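For reference, the structures are reproduced in the following blocks.
The following pair of complexes shares a single chain, chain A, combined with chain B in the former and chain C in the latter.
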Partner chain A sequence: MKVNDLILQTVTTLLAFIIIIFSIYLFFAGHYTPGGGFIGGLMTSAALVLLLLAFDQKTMNKVFPFNFLTVAASGLLISTLTGVGSFFFDVPFLTHTFDYVELPILGETALASTLIFDLGVYLVVVGIAMTIIQTIGESE
Partner chain B sequence: MAFQILINIIIAATWMFLKNEWSFPSFFVGYFWGLVIIFAMRRFIPGRFYFERIMAAAKLLFLFLRELLLANVQVIRDILRPKLKIEPGIFAMPTELKSEWEITLLSLLISLTPGTLVMDISDDNKTLYIHAMNIPDVDQAISEIKNTFEKAILEVTRNV
Partner chain C sequence: MSLIHLVILSPLLLAIFVPLLHKYFKSIHTGWFVLILPLVLFVYFLSYLGTSMSGNTYLSTMNWIPSMGINFSVYVDGLGLLFALLITGIGSLVVLYSIYYLSKEKEALNTFYVYLLMFMGAMLGVVLSDNLIVLYSFWELTSISSFLLISYWYHREKSRYGALKSMLITVFGGLAMLAGIILLYNMTGTFSVRETIANVDLVTGHELFVPALILFLLGAFTKSAQFPFHIWLPDAMEAPTPVSAYLHSATMVKAGIYLVARMSPVFAGAPEWFWLISVFGIITLFWGSFSAVKQTDLKSILAFSTISQLGLIMTLLGVGSAAVYYDYLSPNVYTVATLAAVFHLINHATFKGSLFMVVGIVDHETGTRDIRKLGGLMNLMPITFTLAIIGCFSMAGLPPFNGFLSKEMFFTGMLRATEIGVWNMDTLGWLFPVLAWVASIFTFIYSMVIVFKTFTGKLQPEKLDKKPHEAPMGMLIPPIVLASLVIIFGFFPNTLKGIIFPTLHSIFPGNFTVEEVDIYFWHGWTPELFMTIGVIGFGTFLYLTLAKWGKIYNWFPQRLTLNKLYDGGLVGLERGSFAFTKFYMTGYIRNYLVMIFGFMAILLAILLTRNGAFNFNLDNTTPVGVYEVVLSLIMVISAITILFTTSRLSAIIALGVVGYSMALFFVLFRAPDLALTQLIVETVSVALFLLCFYHLPDLSKEVSRLKFRLTNFIISVSVGLVVILIGLSVNSSRLFESISSYFEVASYEEAGGKNMVNVILVDFRGLDTLFEIAVLTIAAFGIFAMIKLRLADKKGEVNDEG
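And then the complex of A and B:
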C-alpha cells in the first residue's frame, strides 16, 4: 500500500532549509549565547531525519553521498588536533586562545580556536546520530 | 516573476549609486521608482506584472483569515448545541491545480479551516479526499471550496 506523500514532501523541502540555517545559527551562537556544537549538530541531524522520513533511503544516499561514520571520525580527528596544536606554543593540552582579527567585510571579529573544536563536536554529533538512525532503519 | 523582481532590485541599486546614499530609505525610494517603471513597461516583459501577484497573495491571506473565523464560529455552534445534529462524511473533490506547491497550499488551507480535513490525495494528483464534519450537501461544499480557495490560489499562480 503506497500512499501519496505529496503534502509531506513539499512542506519538508521548504522546512529543511529553515531548520539547517537555524542549526548553523546555533552553532555560531555558542560562544556568548546559548547554543554550540552539540545542539547545532542535533538540529542538523533533525533536518536530515525529516528528509529521511519524507523521502526514502535511496534518495538520501543520492543527496548526501558520504558515509556518516567517516563524518564522525573526521570530527573526532579535528577536535583532537586542536588539542595537539597547543603543544606548539608550550602550553598544556587543549589550551585555547582567541584574537581580534580585521576581516575585509566583517570588520573586527573575535576568532577563537574553540570554534574549530566545536566544529569537531558538531561533525561527531551529526555522524553518530545519522549512523544510529540509518542502522536502525536498514535492519529489516 | 523572479526576473521582474531582479530588474526592480537592479533599478533600486542604480538609484542608490546615483544618489550616493547607501541606506534603506534610499533603497526604498529607488525600489518604488523601479515599480513605476516596470508598471509602465509591463507590455515588453514576459509574464504578469509581479505586484499584481503580491496583491493576490495578500488577498488570499485575508480570505483565509475570514474563512477561519467563520468556520470556527460554525464549529462552536455545532459543539454547543444540546442535540448533535451533524452529518459527517467523506467526499472527493476534483481539483484543477497542477503544481505540487498549489496542491499543498490548497490542502493546508482546507485542513486549517475547521470542519474540513484533507485525508488523502489520489495518485495522479487530480482528486482530494476531504472529510467534513457537517455536509448536508456535497455539491455545495465542493463549489464553496472551489469558489474561494482554489480561485484565489489560481489568481496568485497563473502566469498570463
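And then the complex of A and C:
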C-alpha cells in the first residue's frame, strides 16, 4: 500500500535546511562555544537521515550523487594533510596556528588552521554515519 | 679456527656433499667416498697419542659468542682422545661394513651417510669440547642424528616408535643436563670444563651442588641407557645393524659414560655421586643381563647386553670416585676401579661392535634374527662362527680374551668397594660383589645363548627366508679387525697403557699420579679368580638347564614393565592434557568471560589488599545535590530493569534511558560538548539495537528472562565492587595537581580558542583525534565490507539467511 506522506516530505524539505544550517553553525562555532566537527558532522547526517526517511534511497542518490565512503576517506585525508602541512613550516606534526584577519563582510575574525583539521573530522563523521545507515538500510 | 676445529666439523661439511656424490657417481657405492674421512681422522688422532702419552694436552679456542663466554674450545686430553679414536676407528669399520650391508639399489644411501656423518661430527664435538654449551649443542645433535638413523626405514611402524622413544628419553636427559650446566655456570661463572675444575672449591659445598649433580646424572643416565631409562635402547634396534653397532654399542651410549668421567673431577668425592652412580650402575648391570637371557631376538640380546655392560662401566666409575674422597692417598686401591672402567670401555667397544656385525651378517644371510629359527650355522658360516665365539667369550669374561681381564679387574674393584669405610659402605657394601657376581653369571648365559643357539644344533632351512651362506669378504673384514683387537688386547693389554693412563689422568686431575699397574692374566689364586670359576661353573649349569628355570621370566606381570609404564605414561599424558584442555577450552564465550572477569577481580583485589590501597578519604568530595540523586536513581532503576525484564525491547529502551541520563549527567557536570555527543550517539546506537532486534530470526525467538546463575552473580558483584573500590581509593589519594589549569590559560592565549574541550581535541591532542577518525573510517569500511561482500553466499556454500 502506497502511503501518502506529503506532510512529512514538505516538513522535511524545510527542516533539513534548518538542521544543516544549525550543524554548520555548530561546526564553525566549535572553537569558541560548544560544538565542533564531531557534533556538526553528526547533526548534518541527522538532516540527511531525515531526508532518507521522508524520501527514498533513489532520490537521495540523485540529490547527493556521491559515495559517502569517499567522503569519509577524503575527510581523513584532509586531517592528515593538515598535520603534514606543518612540516613545510619546520614545526612538529599537527602544529596549528591562528591569526585575526579582517574579512570583507564579517569584520575582524579569528581564523585558525585547526578549522581545516576539524573540517576533516566533520567529513569523516558525515561519511561514516551515512555509509553505515545506507549500507544497513540497503541490505536485505 | 685451527685445524682441529676443521677436523671436528669435517664430517658435517662432508655431509653437505654426500647427496651430490650420490647423485653424480651412481655406479660407485656412496660409502666409499665417506670411508676416506674417518680413516684420515683416525690417523690424525693417532698423531696426538705422543702428546697425550707424555702427559700434555692440546687446547684451541675459536670464538663463537665471546660476550656470553660461549666459545668453541677444543681440548684434547687422554679422555677425549680415547673417545675420538673409538669414534673414528669404529666409524671407519662401520662405514666399510655398511657398504656391503646396505644395497646400492634398494636403499636411500644419501640420507644414510648424511645422518651417519652428522652423528660422527656431533660425537667428536661432544668428546672434544671444553665448553659446556658447545658440548650440549653437539650432545643434542647426537640425539637428533640418532633419531634420524633409528627411523631410517621410516615406513616401518616399529622404527618410528623406537626413534620417537629414544628421542623423548634422550632429549629429556639432555635438557636436564642443560639445566645442570646453567647451575654450574651460576656457581663458577664459566662454561669451560677446565676452569670449572680449577674452581672446584666454588662448587663443592655450594647449595646447588646436589641439584646440579643430579641434573648432570640425568643426562648421563638417559644417554647411556641406565636403569630405568634403558628402555629406549632395545627399541632402537630397529635401526640398520651398522647403526646399532656404531651408535648403540660403541659410541653414543658411551656419551653418558664420557660425561660422568669428564665431570668426575667436579663432583667425585661426594657421597651422592658415589651412591647414585654405583647403585644405578649395578642395578642396570644386573637388570640388563637378567633381561637379556629371556630375549629371543639376537639384536635384543645384544641391546640388553649393552645396557648391562654400560651399567658395569658406570658402577666402576662410581666406585672409582671413592679414590677422590681418600684424596689419592697412596697406595690407592680404588683407582683400580676407574682403570677397569676405562679398560672395559675399550674392550666393550671392540667385542660389542664385532658382535653386532656378526648378528648383522646372520640376519643378512639368513633373513631372520630369531634364535628360535636359527641353528646349525656353524658349518655354513665358519668365519662368522669364529668371530661370534671370540666376541661372546670375551663378553662372558673367559680367558684368553680381553673381557677376562676387565672382568677380573671389575671383581677386584667390587671387592675393594666393600672395604670403603665411609658412606654406610660397611653395612651395604657386600651387595656390590654379590650383585656383580650374579650379573656375571647371567652375562655368561646369554653369551652362550648367542653362540650355541645360533651356530650349533640343527639347521632349520624351512624357517629361513634365504639359503644361508658365508658373507662376502668386505662384510667380514670389519668384525675380523675388531675380533683381532679383542685377542691382541687380551694377550698384550699393556699396549693400551698409552691410552688408559692419560685417560685416568683426565678423570683424576691434579698432582695425583696413577700407580703404574701392569694388566696381566695371572694374579695368583685370588678371590677374583674363584669368582670367575664360579661364574663359569654356575653359568654352564644354568645354561644347560635353561629350559627348566626359564619359566621364571613369565612370572613377572607384564603390566608392571617399564615399557608399559612408558607407553601408559604417554597415553595418560595425552589424555590428561586433552581432558584438561577440554575442561577449560569449552568454546563458550560465557565461560571465558567468567574466567577473564573472575581473574581480573581476584587479581585486582589481591593487589589492592597487598599494597594497602584502601584508604578512603572523603574530604575533597563535592556535596551531593538533589539532581544527582534523582538521576542516579533513574539510572539504577533502568539498569535493574535491563537485568530483570523479560522482553528485549524493554531492555533496549532501558539502555537508552541510561544513555540519556548519562547525557543529563554531562549537562549537570557542565560538559556541553559531551552532552551533545552523548545524546546523538545514544540515539544512533539505540536505533541500531532496534535494527538488530527487528532482524532476530523468528524460529528461535524466545521471550524469557535472564536465567540466574550463581557464578555469574558472584563474579559480576565482585567486579563491580572492586571497580568501585578502585575508583574511591584513586579519588582519595590524588598524588599531584591536574594539568587542566594549563589548558585553561593556554587554550585562548596559544591556540586562539575559547572552547577548551574542542581546542584540546583538535590542537593540543590532535593526534588522538586523527586516529579516532581513522578508527571510525575503518569501522565504516568494515560494516560496508561485511554487508556487501558475502562470498559464502555467492559460492552457495553457507546460506543461513532463509
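Simple rule for what comes next: the second predicted complex is superposed on the first by the 140 of 140 C-alpha atoms of A that agree within 3 Å, B and C clash if a C-alpha of one lies under 4 Å from a C-alpha of the other, contacts with A are read in each partner's own complex, and residues count from 1 in each chain.
Operating definition for what follows: a contact is a pair of C-beta atoms (placed from the backbone, for glycine too) under 8 Å apart; a residue touches a chain by one contact, two chains touch by 3 or more.
For clarity, every value in this text was computed on a predicted model and none was experimentally measured.
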Quiz item: More chain A residues touched by chain B or by chain C?
Solution: C
Quiz item: First (chain B), second (chain C), both or neither: which does A:Thr33 touch?
Solution: second
Practice problem: Check whether A:Val3 is in contact with chain B, with chain C, with both or with neither, and answer first, second, both or neither. | Solution: first
Practice problem: Report for A:Phe89: first if it touches chain B alone, second if chain C alone, otherwise both or neither. | Solution: neither
Practice problem: Report for A:Ala72: first if it touches chain B alone, second if chain C alone, otherwise both or neither. | Solution: second
Quiz prompt | Complex interface listing, chain A residues touching chain B | solution = 3-4, 6-7, 9-11
Exercise. Spell out the residues on chain B that touch chain A in their complex, using ranges where they run on.
Key: 100-101, 103-104, 107-108, 118, 120-123, 125
Quiz prompt | Residue ranges of chain A in contact with chain C within the complex | solution = 26, 29-39, 42-43, 46, 69, 72-73, 75-76, 79-80, 83, 93-94, 96, 98-99, 110, 112, 114, 117-118, 120-121, 124-125, 127-129, 131-132, 135-136, 138-139
Self-check item: In the complex, chain C residues that touch chain A
Solution: 672-673, 676-677, 680-681, 684, 688, 691, 751-755, 757-759, 761-763, 766-767, 769-770, 773-774, 776-777, 779-781, 783-784, 787-788
